[in-house]
Each structure stands twice: as C-alpha cells, then as structure tokens.
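Naming follows writing order (A, B, C, D, E and F), and every chain is counted from residue 1.
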Amino acid sequence: MHLVKKIEIIANSFELSKILDGLDHAGVHGHAVIRNVSGKGLRGDSTEDLDMTMLDNVYIIAFCMPEQIKPVIEHIRPLLNKFGGTCYISDVMEIRSVKCIASL
Amino acid sequence: MDASLIVSNILNPPILFFFLGMTAVLVKSDLEIPAPVPKLFSLYLLLSIGFKGGVELVKSGVTQEVILTILAAMLMACFVPLYTFFILRLKLDTYDAAAIAATYGSISAVTFITASAFLSELGMAFDGYMVAALALMESPAIIVGLILVNLFTADQGDRDFSWSEVLKEAFLNSSVFLLVGSLLIGVLTGEHGWEVLSPFTQSMFYGVLTFFLLDMGLVAARRLKDLQKTGAFLISFAILIPILNAGIGLLLAKLIGMSQGNALLFAVLSASASYIAVPAAMRLTVPEANPSLYVSTALAVTFPFNIIVGIPLYLYGINLLWG
Amino acid sequence: MDASLIVSNILNPPILFFFLGMTAVLVKSDLEIPAPVPKLFSLYLLLSIGFKGGVELVKSGVTQEVILTILAAMLMACFVPLYTFFILRLKLDTYDAAAIAATYGSISAVTFITASAFLSELGMAFDGYMVAALALMESPAIIVGLILVNLFTADQGDRDFSWSEVLKEAFLNSSVFLLVGSLLIGVLTGEHGWEVLSPFTQSMFYGVLTFFLLDMGLVAARRLKDLQKTGAFLISFAILIPILNAGIGLLLAKLIGMSQGNALLFAVLSASASYIAVPAAMRLTVPEANPSLYVSTALAVTFPFNIIVGIPLYLYGINLLWG
Amino acid sequence: MHLVKKIEIIANSFELSKILDGLDHAGVHGHAVIRNVSGKGLRGDSTEDLDMTMLDNVYIIAFCMPEQIKPVIEHIRPLLNKFGGTCYISDVMEIRSVKCIASL
Amino acid sequence: MDASLIVSNILNPPILFFFLGMTAVLVKSDLEIPAPVPKLFSLYLLLSIGFKGGVELVKSGVTQEVILTILAAMLMACFVPLYTFFILRLKLDTYDAAAIAATYGSISAVTFITASAFLSELGMAFDGYMVAALALMESPAIIVGLILVNLFTADQGDRDFSWSEVLKEAFLNSSVFLLVGSLLIGVLTGEHGWEVLSPFTQSMFYGVLTFFLLDMGLVAARRLKDLQKTGAFLISFAILIPILNAGIGLLLAKLIGMSQGNALLFAVLSASASYIAVPAAMRLTVPEANPSLYVSTALAVTFPFNIIVGIPLYLYGINLLWG
Amino acid sequence: MHLVKKIEIIANSFELSKILDGLDHAGVHGHAVIRNVSGKGLRGDSTEDLDMTMLDNVYIIAFCMPEQIKPVIEHIRPLLNKFGGTCYISDVMEIRSVKCIASL
C-alpha cells in the first residue's frame, strides 16, 4: 500500500473531453467517468440554479501520484474558470496489484 | 375559427400528454421518464423525420421551389438573431443578448415534428424538403451569435476558442448530424428503403412523439420556476417574438409561393427556439451568458406556447393570407 | 377443464418468457434487462392500457353497470386489507401485518394486463371501464394500512408524517397518475385519438408485455431466496389469500351481474398484490415494517401464482358460476 | 487550495428529496446525485438484504465548509434513523476557481 | 455481378446507417446512442430471431436436412479455432493465438441477422433451423480455445478456473441463453404464438436492426485506432480468414445439399467472429491474452468487412457454385 | 462519529460478482455499486487502452471497520492481479444512525 492522490471533478458533460485531455497532458492517463450525474452548483455568495435538464453532469475520478497534482491543477483550473465545475483532491492508499495481462 | 383550431389541436394525444407531464410536476407526482429514454426517443424522431424527408425529396427532385425555400430558410436563420439581438440589448448585456438571440434564430425540431403531425391529421400536404430547411436553420444562428459577441464586446481578440471548434459544434452536433445523415440515406435508398424501414419509422412515430411530449411537459414545467428570475421583459419576448417571426415567415412564404402546409412548417421553424443544440454551443463559446435565461425562456415559454397556441394561430394566419 | 386452461395459459409467449426469466436466474445465466428498460416498458403498458380504457369508457358511457363495478372495486380495496390484517396479526407484529395487508389490498397492474391479454386471446370481451376499477383499487389499501397502524400501535399520536404526504403518495404516485391521466386523455380524444395512437399503443402491446414478463421472471426468481426468511405461514398466506379474494370477488361480480370477462379481471384485481406502489408508500410511512416480507411474498409467490395458475383457475370458477 | 468536507450519503431514491432539503436547510446548497446505485446494507449484527429491485438507491455527494458539518448531521441523522441509509464524511482539498459566468 | 450485389447491399438502410455511425466518429460529431439502448436492441434482435426460428423449426420438423446442417455447424465451430490457432501461432504467443482463434471460431449474431435481412429483401428463402445452427456455433470455440491454452502452455495444471464456470460462461451467457430460450418458446407456441407476437418481433425488426447498426458503426469506428497496434498480420488475418472460412462453409453446404439461402447464412456464420460472448469468456479464462487484439480485429475489421463486402461476396460464390 | 475505512474498487463488470463475494468473505457485507462507468486504465509504464466498449466497468464502494482492511486486501488482490482493476482505501467518518426498521 502506498499513498496516492484522488482527484474528483464534477462538470458539465460537454467539457468532458477537454478535461480528460487536460488530465492526459498533466500526465494522468487513468480515469473513470460516471455519466448522468445531476446536481446543483453554488458560486460565490449567490445561489445559481443551473440544473440544465438536458445538459447533464459527469463525475470524473482519477487517481494519481502526489507529484502530478501540480500539473493537473495547472491544466484543469483554466477549464473550471471558464466553464464552471468543481474539483477536489484527497489522500487515498492504493492497493498495488500486478495484473497478469501481458502488456503489448 | 381560431379557437376551434386551438381546441382541435389541444384535443390531440401529443398535446394532452404534454399537459399531463406539466400537471405531474405541478401536483408533485413522482412521474418521470428515466434518463436515456427521452434521448432515445429524440434520436428516433430525428432519424424518422430525416429519412422520410429524404425519401420525399428524391420524389420531388430539387426544383426551383426547393431552392427558394432553402434560401428563405437561411435568410430567416440569419436575420432573426440579428434583429432580436438589438431588441434584447435594450435590457440585457451583450453576452446574454447574443445567446438568447442565437437561441431564437435557431429552431426546435420537436415543434416542427408536432406541427407536421398536426398537418397530417388535418390532411394538409407538406413537402419532404421542409426537413432540409429544418436542418439548415439549426446552425447559422450559432455563428451569427458568436459574431455578435465578437463585434460588441471589448475582448474581441482574446476569446480563446477556435473557429473550427465552433463550426464543428454548429454543423456536427448530434441532432444536425443525424437529421442530415438520415435525409441523405432517405435520398439514397428512396422508395425501396421506405418500404423496408417505414414499419419502424412511420407506424410508431405518432406514439413516440406522444411519449416524448409527455417528457417535454415534465421538463418544461420543472423550468417554470426559473421564470421568476427571468423577468417580465424576457417572458413577453418569448411570446411576442415567435409570433412576429412566424408573421415574417408567413409573408416570406407567401412571397415565394409556398403551399399552405409548407408555409405552416416554415412559420413554425421561424417561430421556434432551440433548447438543445444552441444552449450546448453557447455554453461552450459564450460561457459568460446565463444558461437559465436562454434555456428557460425557450423551453418553458416559447416551446409550450408554440405547440399549444402557436401552431393553430399560424394556421389561422395562413387561412387569412392564402384563403 | 381446469388443467387444459392452465396449459393453454402457460403455452403463451408472455408466461413462457416469464419462466425463461426465472430459469435464467436459477441456472445463473448472466441475462439481465438493463436498468431503465423495465421502467420504460411499465410506463408504456400503463399508458396503453389507460388510454385504451378511456377510449372504450367514452364508447360505453357511464352506465349503472360502470358505477356498480367501481363501487364493488372500492369495497374490495377497503375490505381486503382490513380482514387480512387480523389474519396476519396471528403471527406478525402490527407494523408488518399492516404493511402486508395493504400490499394485498392493492393490485398489480401487470397481473391485470396479463389477464386481459389472456382474455383477448380466448376471444372473451371485457369492458374498458375495468381500467378505471384498476386505477381506483390501487390507493385505498395504503390509507387503510396506515389507519390500522395508527389504531393498533402505542405511538398513535407521534407518527411524524403528514397525511397530505401520504395522500399524495397514495393518489399521485407515478403509476396511478399515468394510468388515470392516460384514461382521461383516452376519454377526451376518443375514437379519433385511438386511430392515431393505436399503431403504437396496440400493436406493440403484446410484445412489450412479453418482454416485460421476461424481466419480471428475473426479478421474481431473485426474490425467491428471501422466502426462506419468510416462513411457511406467509407463503401459504400468499397463495391462499389470493384464491380467497378472487372467490369473494367472483361472488360480488356475480351479484352485481358483471360479464364473464369483467368478472375475471375483477377476480384478478382482488387476488393480486402490489409490489411497487404500496411497498414504496409503506417504506415511507411504516418504515418499521420489513420490506423483504411484503415485497417478496407479493413478487415471488403471489405474482407468479396468479399469472400461471390463478388466471386460469379463476376462469374455471367463472365457468362454474356463470356457465 | 483549502480544506473542505465531503459528505457522502447512500440512501433509497425515495428519500432523495428529503435529504436534499435537509442539506439545503443546513446551508449546503451544492450537491451531485448519482442514480441507479445498487447495493446491500448491513445493520447492527444481523445481515438484512434489502436490495429491493425496484427501489434503487442514490449516491449523494456534497462538498461543504467544515463548519457546516454540524448542522448537516443534525438535519440528516433523523432521516437516516427513520429510513435507513448511510452517511460518511471525509476531508478533501478544493481547487478554487473563479467561474466567469456573471452571476445574475 | 459481384459489384452490383455489393451496391445493392450497400444501398440498404442498415448498411448506410452503419456508415453514418462510422462517419460520426471520423468527423468527431458528438452523436452517441446512450448506454442501455444498444443492449436493449440486441436483446430484442436475439429474442425476435430466436422466436422466429423456433416457430419455423416446428413447421419444418427435425428432418435429416436439419440434423446434417447442425452437424456441419458444430464441425465448423470446432475446426475453425483449431486450424486458425496454428496460423496465429506463427506470429503471436499461445494466449493471444488461442483467444483470437476462439473469437473467429464463434459467430456474430448481428452479421447473421444482417445477412438474413439481406436475403429477405432479395426474396431468397432460408430456413428457421439456421437459427439453431447460429445458437450451436457460439459456444464450442470457447471450449476449444481453452483446451488449446491448456495443451500448449507450461502452466497446464494450475489455471485456476473451474471447468464448470467455463461451461457456464460458454453455454449460459446471455446471448446464447436468450436465443435458445426464445427458440424453444417459438417451438412451444408455434403458429399461435407467432400471430400474437409477430407485430412486435417482426414489424419493428428491420428498423431496430438499422438503429443497432448505426451504433455498431460508432463502436467499430472508435476501435479503428486500435488497429495501429494490431499490425498488418492481424488485419490481413481478419479479412482473409473470413473469406477462407466462408469458402469452406460453402463447400460443406454444397456437399450436404443446403438451399442457397441457408448456404449463405452458413457461410456468414463460418466467416463471422464473435465480439461479445467470446471476448467476455476469454477475459475471464485467459486473462493473459490482450483484449484489444481480439476485440478490435473482430469488431473493426471483420464485422464491417462481412456486412459490407462479405455478404454479397459469399452470395456471388453461391451463384457460381449452385447456379 | 467514528472512523471507518472506505474501499473503492473500479473493475470490469464481469468481475463484479467475484469481487462482492471476496468482500463478503472478508466480512464486509455492505456495499454500493455504480454501473456503466467508463474509463481508461494504466498499467506499469506502458499505456494500454482497454476501454472495451461493451464490457463496461463498475465502481464499487464499501465502508468497513479499519480492522477489516487486511482480510479485504487478501481477498481482493488476487482478483485484481488476475483480471485487472484498481482498489483504493481512505479514511472517512461515519455518521452513526439507529435505523428503526426492526431487524427480523
């Protein structure tokens, strides 16, 4: 077991490909995406209800090395600034496994 | 006459199921159409209408009439966002004004489909190439909206999106793509394709539309509460501008000599506002604009207005102009 | 005679697909109907049956026969939970007894639909207003169940739910709402609505029912393992009480002079138990009751029993009583 | 980056609106909801299998300020006590962003 | 002649919608068929084809012809994975070779269904018992593949899976189970079942296939990029082996005297490769093999090749051999 | 509130039943499962793209006592080694509730 970081991003599904590209450029190549997430966002003081019925959110999870967090933030923050969405980071322990599928 | 048209329109299953959906939200029933079903139904409707349009287009051929209709469609799609932008600027900032203008310049396929179902029931003919007009009117407003934002805001230079991305969004979004693709397949397979596919695309069509409008009723009613924030100006806009656009559309239709059925569809296209493709594009390219303004007015005011009052109203106009 | 009816019932696609679903679980096949599809199908079935009932109700009109049938339906819906409650109290606590009683007082729309498909195949007529009876029998048992809990438990005063919430749950849950709404739309659009909508609501009906019963087979079989916890008392209850209720229903039907087709549907309504609407309401209002008791008996015992043995058995009873 | 709390609630979908109201009253206005979650619960010592096939669960995620946790618990616990469901809280870092959508 | 067959095949809605799906991915449109819809459609197609096969099997009875066909099917299903394994071993390790061999030994139901739709359009008859052949050819290759792995790798003894699990996966996976189950139900309910169920299983069939192939186009095109890693050897394999298998299949069909329609379906079964059932089984039992090799070749090369070029090509071969 | 562990597993949906059995044998009887998760995995150095379009992933969440983590790892690791998939563990606080549904 060793320490890694968990990145959670909730954003509009339209931004999904941009965000995954951003993660990729920051060196985080693994991710999992859950679609059809509904929700309600909050910005600053005012409550804005943007639950656009047809524009659903996605929930992106990516586990990465602690040292990858800085580049990730650099790549993701401009997207969040532009389009909205939230990003959170936490500590988790990875259970290492050696998958026997021969890498190509 | 007008009232009897409205009543005969309202007493149709699709409209009544739309009301049923709205009622469900208002009385807080837990009725809901689960997540990918409405999406499936909208893909089905686009595929069916596109395919049918293609099959009929190949029958009619590309006549002068077709070309005139398509030119008129393009004209409306560019003119509407331009003139409404300046009306909207009276009360709103450039971003919101441009986004709403683009929304009303584009079209709602479901409104078109509801109108065509209404025509079928009245036994009024319309041509397959109106589907081509439908497809062509979806995208231009997105481009016009962006040009307006670029012209009238300080940060002209530094909007950081590529035009290629915008054009992709405008012309390759899933509804335009599926509609145009199905139309082409209709053209390619013609009468033979129709024979094999119509048991699917035709016989379930009305039923799927009915089911879909049930969901639209739910969605529109959930949006109603947004209207408080929207204000009286936008609500009036969302009712008066469609009527005005339909009027302009009808005059243009009369001018180029469309049939009555086609004219109704053209009026409906002019009057309708996009609540899927344009909002998606605007969110991407004008994130400064407030989605609840452009989605809610299009979805909770203009859409119900058009399918309930608008369609029979515009038909009444046709009776006056053509009759 | 009875056996041949059972066989002719079993050799129908819907029942056989129900068995196929059960078999899939028993042999551990990975067959599954993915998440929102069963929900879509059940919405479709409710919409179709409600709409058809409305169209036929407008044809028959509200005669004395209709009113008598509806009164009989209401009577059964209140009487069944009352008397079964006291039987259940012999072995169970008040909460579980009231929840199960409510479950058996209410109805299962799919059992009704399966019975009506069976009648159609046998060429026996039944009336559209039976759908109104179906709709009216869903809710009262929920209210009766709650009153029982309030009367027979110590904490009478402090159940912290509002009656308005309970009534909402009872009368506005999605199945009752869609059924009644579709029925009203059927009444409003009548013959004309039927013409345009029936290619959708009618021609696919039997197939969707078949597909849906495949899923019900999967669901019921997955519930079978719960029966170990349920015990012999409840399993006997889940078979004997439906037969008893069907019997009472048939006598009542004979008394008020129902036709044979209507009588079968009425018996099936009386015999069936709710596994969706009532469990949902009970979970909300009597959270002390154990859901695996009331869901599993209704779903894994009574439902299969009714559609496989019950329907032909009750028809046999009709042959004896009416013949 | 600054510390916030993550609230995770898994409950029956029937309780969703009540729980969201509870969060709202506790001052937590943002949330994300994932539907169609299946699962198996465990209470006390005895194993109870409540996977009610037609009554699916929802997974609710809400990020909030640390000081909001107390009111949240006060509002949510009675619901969990009554209807069942589970609620967990953990620490995460928020990546702050300034969304450029003008607030109304 | 060959070219005109290809053109008449390509100008069919299902194939054109397959192209439309591929195009959507290539031009980066956001068109997608949301998650459980393709699954629903594939369940529908399996149920429909299985049921129809059963109904027709009961009409034809189990003649010598039927038995011969089924024996031929079993033979092909065992022979193909065996001989292709040794070809694949030339370039690949045992794990990958066995997994790919199993993939090509098994069949693709959608290819079969597309071929049967093509035959229906040409007005060529084929027999219902070909569906039984389809069902029987799905599983043996999985077993053969595993035996090959066990024979040719060092760790013969210690593969830690139970054969019962493998047999379950091979014979009870959802597609085989639903196909065989529907076939049996077709046999049991016969002509009567057909009457009640065919409005659902028959009239929508072509449309659902069309919609499904739109999705298959999306899926196949997304897989195209994997082919870079796959290399020229496997790509040639994925085109040449199907032709070879179809050829062997045709000779066998001629030998046992199949009709032309049946022979085409048999050739298509021999030529097609599994991209669902076998990959699922291989992932479970030979996790050492690389899924992107066996899924991508089957899905992005062999499947499109078969439905676009293969079906008319094999029909051309039949014209030569039978004509 | 008291400390528990959160286990997150992302794996192919085919392995779901095996993994749930593994958790069960390790004494973790509660879980929640989210289906239809798409994603991209990364093994060792080489990037392998296994997003098998028809073989979707599942996201499994299980909360358990800290002392259950060891048996869980023992049961789950062989599965991950054989079939792939990822497993992460983190700390969360449980909000205890006393559900009033009488246990059978």
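In this text, contacts are C-beta pairs under 8 Å (C-beta built on N, C-alpha and C of every residue); 3 or more make two chains touch, one makes a residue touch a chain.
Everything numeric here is computed off the predicted structure, so don't read it as measured data.
Novice: Between C-D and D-F, name the chain pair that shares the greater number of C-beta pairs in contact.
Specialist: D-F
Novice: Centre-to-centre on C-alpha atoms, which chain is most distant from chain D?
Specialist: E
Novice: So, comparing C-alpha centroids, which chain is the farthest one from chain C?
Specialist: A
Novice: For chain A versus chain B, what separation do you get between their C-alpha means, in angstrom?
Specialist: 34
Novice: From the mean C-alpha coordinate of chain A to that of chain E, what's the distance rounded to whole Å?
Specialist: Here chain A and chain E have centroids separated by 38 Å.
Novice: Chain A to chain F: how many Å between their CA centres?
Specialist: A distance of 19 Å separates the two centres.
Novice: Could you list the positions in chain B whose residues touch two or more of the other chains?
Specialist: 35-36, 203-204, 287, 290, 292
Novice: At least two partner chains per residue is the criterion; list those residues in chain D.
Specialist: 34-36, 48, 82-84, 90, 99-101, 104
Novice: Which stretch or stretches of chain D touch chain C in the complex?
Specialist: 12, 14, 36, 48-50, 52-56, 82-84
Novice: Chain A touches which residues of chain F in the complex?
Specialist: Residues in contact with chain A: 8, 10, 34, 36-44, 46-48, 57, 59, 73, 76-77, 80-90.
Novice: Residues of chain F touching chain D in their complex?
Specialist: Its residues touching chain D are 1, 4, 6, 29-35, 61, 63, 90-95, 97-101, 103-104.
Novice: What residues on chain E touch chain C, complex-wise?
Specialist: Residues of chain E touching chain C: 35-36, 39-40, 43-44, 47, 51, 168, 172-174, 177-178, 181-182, 185, 188-189, 192-193, 196-197, 199-201, 203-204.
Novice: Touching chain B in the complex: which residues of chain E?
Specialist: My answer: residues 11-13, 16-17, 20, 23-24, 27-37, 121, 203-204, 206-208, 210-211, 214.
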